[in-house]
Amino acid sequence: MHLPTLLTLLQHGNQLKRTARAGWVQRGVPNAENVAAHSYGVVFTALALAQVIEEPLDLGRLLAMAALHDLPEGLTTDIPTPAWRYLPPGIKTEVERGAMNEILQDVPFAGAWLDLWEELHAAQTAVARLVHDADKLDMYLQAYIYQRQTGNQQLREFWRTRHTFYFPQAQAVYDALREMGEGRGEKEEGRRKREEGGRKREEGYG
Amino acid sequence: MHLPTLLTLLQHGNQLKRTARAGWVQRGVPNAENVAAHSYGVVFTALALAQVIEEPLDLGRLLAMAALHDLPEGLTTDIPTPAWRYLPPGIKTEVERGAMNEILQDVPFAGAWLDLWEELHAAQTAVARLVHDADKLDMYLQAYIYQRQTGNQQLREFWRTRHTFYFPQAQAVYDALREMGEGRGEKEEGRRKREEGGRKREEGYG
Amino acid sequence: MHLPTLLTLLQHGNQLKRTARAGWVQRGVPNAENVAAHSYGVVFTALALAQVIEEPLDLGRLLAMAALHDLPEGLTTDIPTPAWRYLPPGIKTEVERGAMNEILQDVPFAGAWLDLWEELHAAQTAVARLVHDADKLDMYLQAYIYQRQTGNQQLREFWRTRHTFYFPQAQAVYDALREMGEGRGEKEEGRRKREEGGRKREEGYG
Amino acid sequence: MHLPTLLTLLQHGNQLKRTARAGWVQRGVPNAENVAAHSYGVVFTALALAQVIEEPLDLGRLLAMAALHDLPEGLTTDIPTPAWRYLPPGIKTEVERGAMNEILQDVPFAGAWLDLWEELHAAQTAVARLVHDADKLDMYLQAYIYQRQTGNQQLREFWRTRHTFYFPQAQAVYDALREMGEGRGEKEEGRRKREEGGRKREEGYG
Amino acid sequence: MHLPTLLTLLQHGNQLKRTARAGWVQRGVPNAENVAAHSYGVVFTALALAQVIEEPLDLGRLLAMAALHDLPEGLTTDIPTPAWRYLPPGIKTEVERGAMNEILQDVPFAGAWLDLWEELHAAQTAVARLVHDADKLDMYLQAYIYQRQTGNQQLREFWRTRHTFYFPQAQAVYDALREMGEGRGEKEEGRRKREEGGRKREEGYG
Amino acid sequence: MHLPTLLTLLQHGNQLKRTARAGWVQRGVPNAENVAAHSYGVVFTALALAQVIEEPLDLGRLLAMAALHDLPEGLTTDIPTPAWRYLPPGIKTEVERGAMNEILQDVPFAGAWLDLWEELHAAQTAVARLVHDADKLDMYLQAYIYQRQTGNQQLREFWRTRHTFYFPQAQAVYDALREMGEGRGEKEEGRRKREEGGRKREEGYG
């Protein structure tokens, strides 16, 4: 493979470290995470969920798909919903496809990576659906952590409508986070017990 | 798997978003990347290198190993060399092993993840060596980018001693970065030509 | 006017303080300015240019237009060119128009503000063209200042192609900035002389 | 107009992007807004209020005055009250006048800008009073937003004494913000209703 | 004294400005203080406590010891407890001693500074114990302030176990902070009264 | 001593952690140091210089004076020269004296601290003069480090006029920094040699 092509490709991956996750920035979260940090969360979450779900998955395809899922945002940035509200449906995917093609021009294995990306967007396979679940779960976990650590009341919006996951294990984690994020009284005691278990590990942070 | 255990494990992965990469912070790089963003870079770089090296690798093991390689730093933080200089050799790995064990306590698949981690540290297999290469390459690419974008003269230290990679493809990318980072006169023209190729893509950034 | 409507409108203006200028963020500028700060620069620049150009302008329309020019970005964020490259031309303006309509829904004077916005986008009048010039001039001045203060080599991209302004006074300022930004040798002495004049004022900065 | 003079003047406007609003910094608000972003808020607020108040105003004078109101702070920085407590009253205005004169030295239209600035400080005209109202309203709106988004308890100080505005429309917005900022129980329901209306638009931020 | 040696020593002191206090960073405090700012807090607190405790102390030794107490962290960074959990006890002090020796190599007065440092770690003298108290008190005061200004719920961990100080005056301040940090209902009124006294001075921050 | 008084005093010291050093902020240095970090630098520098100057000093008075020298800035913020240019000379000291009195109201040992502060401002004693030297030397060292680490061209202003120190040892360090900061060609080789010596220690940073 032509050296400049490989170097340019690595720079595209690196660019995600300079691409902000707009949802947090818009809500005033200071020093909000970037897309690279989020993508790591998606890879890690997919890796963990793959260990607990019932069906066997191709781990390589799963983690590669998780790693590539937001790669186009290095070119497009993380565009929020309103920008897409005034365009025909499906436009977002077209724009990201165009960006993926631009990123992968001249790359010999572009076909393999585009296949993964298309499989993700079709959302038909177990691997694709687990990546979608991991993507959402990382976002909700992050919302909960920001809520706890920054006192940002606007983050409560994230819990307003219950999100439906493909996999019950992801759903269960989310439902627990949502309960804590909403601070629902009758579950307070359960939350404290879960937190108690977590606290021992948190000492590692102190 | 017990729900609180899974939630706690996901929080450990998330903690890397709040763990700074000390080498940059110590050299005065503002808003330096965290370990999660760096780990993403390692996963992405490993994924790209796997496409270009000669030998076939188990992609799932490769990307999982890349994802887990710095997980202990959520507990230990990213400790620089001097702290280890006054301790017996190998102590660093012991401390990280201890942290990994703490992170994975009660986790049913702890064994599989610890296997990956030990394989990485033994650095005997192709998969482990490619992760080490990806780890270093992400660091050197980041150093080069910080140097270009922040005018930090102290970052030139990174190029002082030539690093030896396991895989020639990683070595080639590094050697090109090192040449540009040192700004060696006789290669100036070659650099401009590579940058020219890159510039077309950079238009995507502005 | 209905109080909640006015309050919501003011919040939309305030949102620009949390909307990043993507071009700087993508190029690694730390703590890059937001759209509110940039919009201030556009208002101030328009105010200054209005004093020096030959033709008389309606100052109220000019400054109002400058103040509103990026208001949609509070909803859409500042989207860079590549995202628009894969869509039909003119889509960007449609999306921003949609966002403006959303921001101004229920606002009694929406019509007057939309008129200003449309006049800006038609770019036919002197007022509209001066706002466009002020918009660009604020960006180029900021690029020059970031270049001087952050040593960011990537910012040199801004000077690659000479931008053509509508008004010669704006063109002259830009040409001077471009000369300094490119650090062109034969003009070094002239630059130092201009800087010398500026230095006296800079003493005000410390 | 002499080119270096115009360039230097534009740099003074740009300097507000590097001038912090001290009140937020002192209270520990992270990444607090700068004077340029605040000045944008004042311009925008003045523009909106001008549409709803009863009397007709010269929009050009209004927005120009709003744009210039904090220009001296590029030289003096935003100095808080205590520094002025040990000096004779009126000293603050003298210092700012001196800074304005320094900024506008050699500027042909200095007289027109100084007139606007003096009119603002005399606070006798409707235009000047609307700028003062806009200045305060932007600050209180920002305090409310920081309070909601950062959980900063110290910001409750802003609501301790009710501020009196010149224009009833500005007063009404402020009184609503104050009610929400104090979190007064009996108005909780009203607040939720207003927020509900706002939430639809907030979806634009998500 | 050899000039380069003095310059290098001053750089080691300066390095504390680039060394983060890990406990805050790990808990998501944005723009957390560095070791230099904390060390200033320790010096200031020691200076204040020295005025109120019963026994006379050598002020020079006290403040010098406070200034040097975290100097090794410029080389080791601020390492949290978990890293030390898997090593024999006392290792932390050995590592810091090694770093101190590295920092003071070639320094003619190294002996005097190492004496102070060893006296601190032996914690037998009144001076050493007052520095330890000042170190802890600065941390708890900072935790309380971050809690008030950032709404970070995780900071409540700091109050879980009551810390025992050597000097009753330090203990009293801490106990008051702990009470406020825990927000204990029955003391609410006392807290408000203390805050009332503080508010007058806080006006200085407004 | 009345507990609330001591707590309030400690909060005043802590406030320096939220007080920016304006000179850096105005020149676009990202995440510039605060007054607490600078004050630490002054204490440390004074401590080091006290070891190398010829005359014996009261170390306790020296370090206490260094610790208190910028305490008023917690109330006044760090005001740059231009604000003082339009006031009678000596006004700055009056304002700071007023702030010191406000900070020390009700403090039993206020007299002792005010004595130190006045001695500093009179600048007649060796202790006071060494604190002034330490204050300046910390600033120039910081300017040099920012220049090296941020590529900020505006920082070259710091070297324009040679500063005269009271003590030859401080002068020598400054002259070496100035030489390196100006990058004067004929001394390039000497600089590299000094840096070489420093590099071994810098390895501690990487």
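Should a chain be cited, it is by its letter among A, B, C, D, E and F, assigned in written order, with residues numbered from 1 in that chain.
Heads up, the rule we're going with is that a contact is a pair of C-beta atoms (placed from the backbone, for glycine too) under 8 Å apart; a residue touches a chain by one contact, two chains touch by 3 or more.
No experiment lies behind these values; they were computed from the predicted model shown.
J.: Keeping to the contact definition above, tell me which chains border both chain A and chain D.
T.: C, E
J.: Taking CA centroids for every chain, report which one is farthest away from chain A.
T.: Measuring from the centre of chain A, the most distant chain centre belongs to F.
J.: Farthest chain from chain C, going by the mean of C-alpha atoms per chain?
T.: Max centre-to-centre separation from chain C belongs to E.
J.: Using only the C-alpha atoms, find the rotation that maps chain A onto chain B and quote its angle between 0 and 180 degrees, to the nearest 5.
T.: To map chain A onto chain B, rotate by about 180 degrees.
J.: Taking all residue numbers at the chain A to chain C contact, is the shared part over half or under half, that is, same or different?
T.: same
J.: Across the interfaces E-F and D-E, which one involves more C-beta pairs in contact?
T.: Top pair by contacting C-beta pairs is E-F.
J.: State, to the nearest whole Å, the distance from the C-alpha centre of chain B to the C-alpha centre of chain C.
T.: The answer is 38 Å.
J.: Counting in whole Å, what is the centre-to-centre distance of chain D and chain F, each centre being its mean C-alpha position?
T.: 33
J.: By the touch rule stated above, which residues of chain A touch at least two different other chains?
T.: In chain A, the residues touching two or more other chains are 15, 26-28, 30-31, 75, 80, 82, 99, 102, 145, 150-152, 204-205.
J.: Judged by the touch rule stated earlier, which pairs of chains are there in contact?
T.: A-B, A-C, A-D, A-E, B-C, B-E, B-F, C-D, C-F, D-E, D-F, E-F
J.: Quick check: in the complex, which residue numbers of chain A touch chain B?
T.: 1, 3-4, 6-17, 31, 33-34, 36-37, 39-41, 43-45, 47-48, 51-52, 58-64, 67-68, 74-75, 99, 102-103, 108-109, 112, 137-138, 141-142, 145, 169, 172-173, 176-177, 194, 197-198, 201, 204-205
J.: State the interface residues of chain A toward chain E in the complex, per the touch definition above.
T.: Touching chain E from chain A are residues 30-31, 145-146, 148-152, 199, 202-206.
J.: Inside the complex, what are the residues of chain F that reach chain D?
T.: Going through chain F, the ones touching chain D are 15, 18-20, 22, 25-28, 75-80, 82-83, 85-87, 91, 94-95, 97-99, 102.
J.: Please output the residues of chain C touching chain B within their complex, sorted ascending.
T.: Residues 23, 26-31, 80-82, 150-154, 157.
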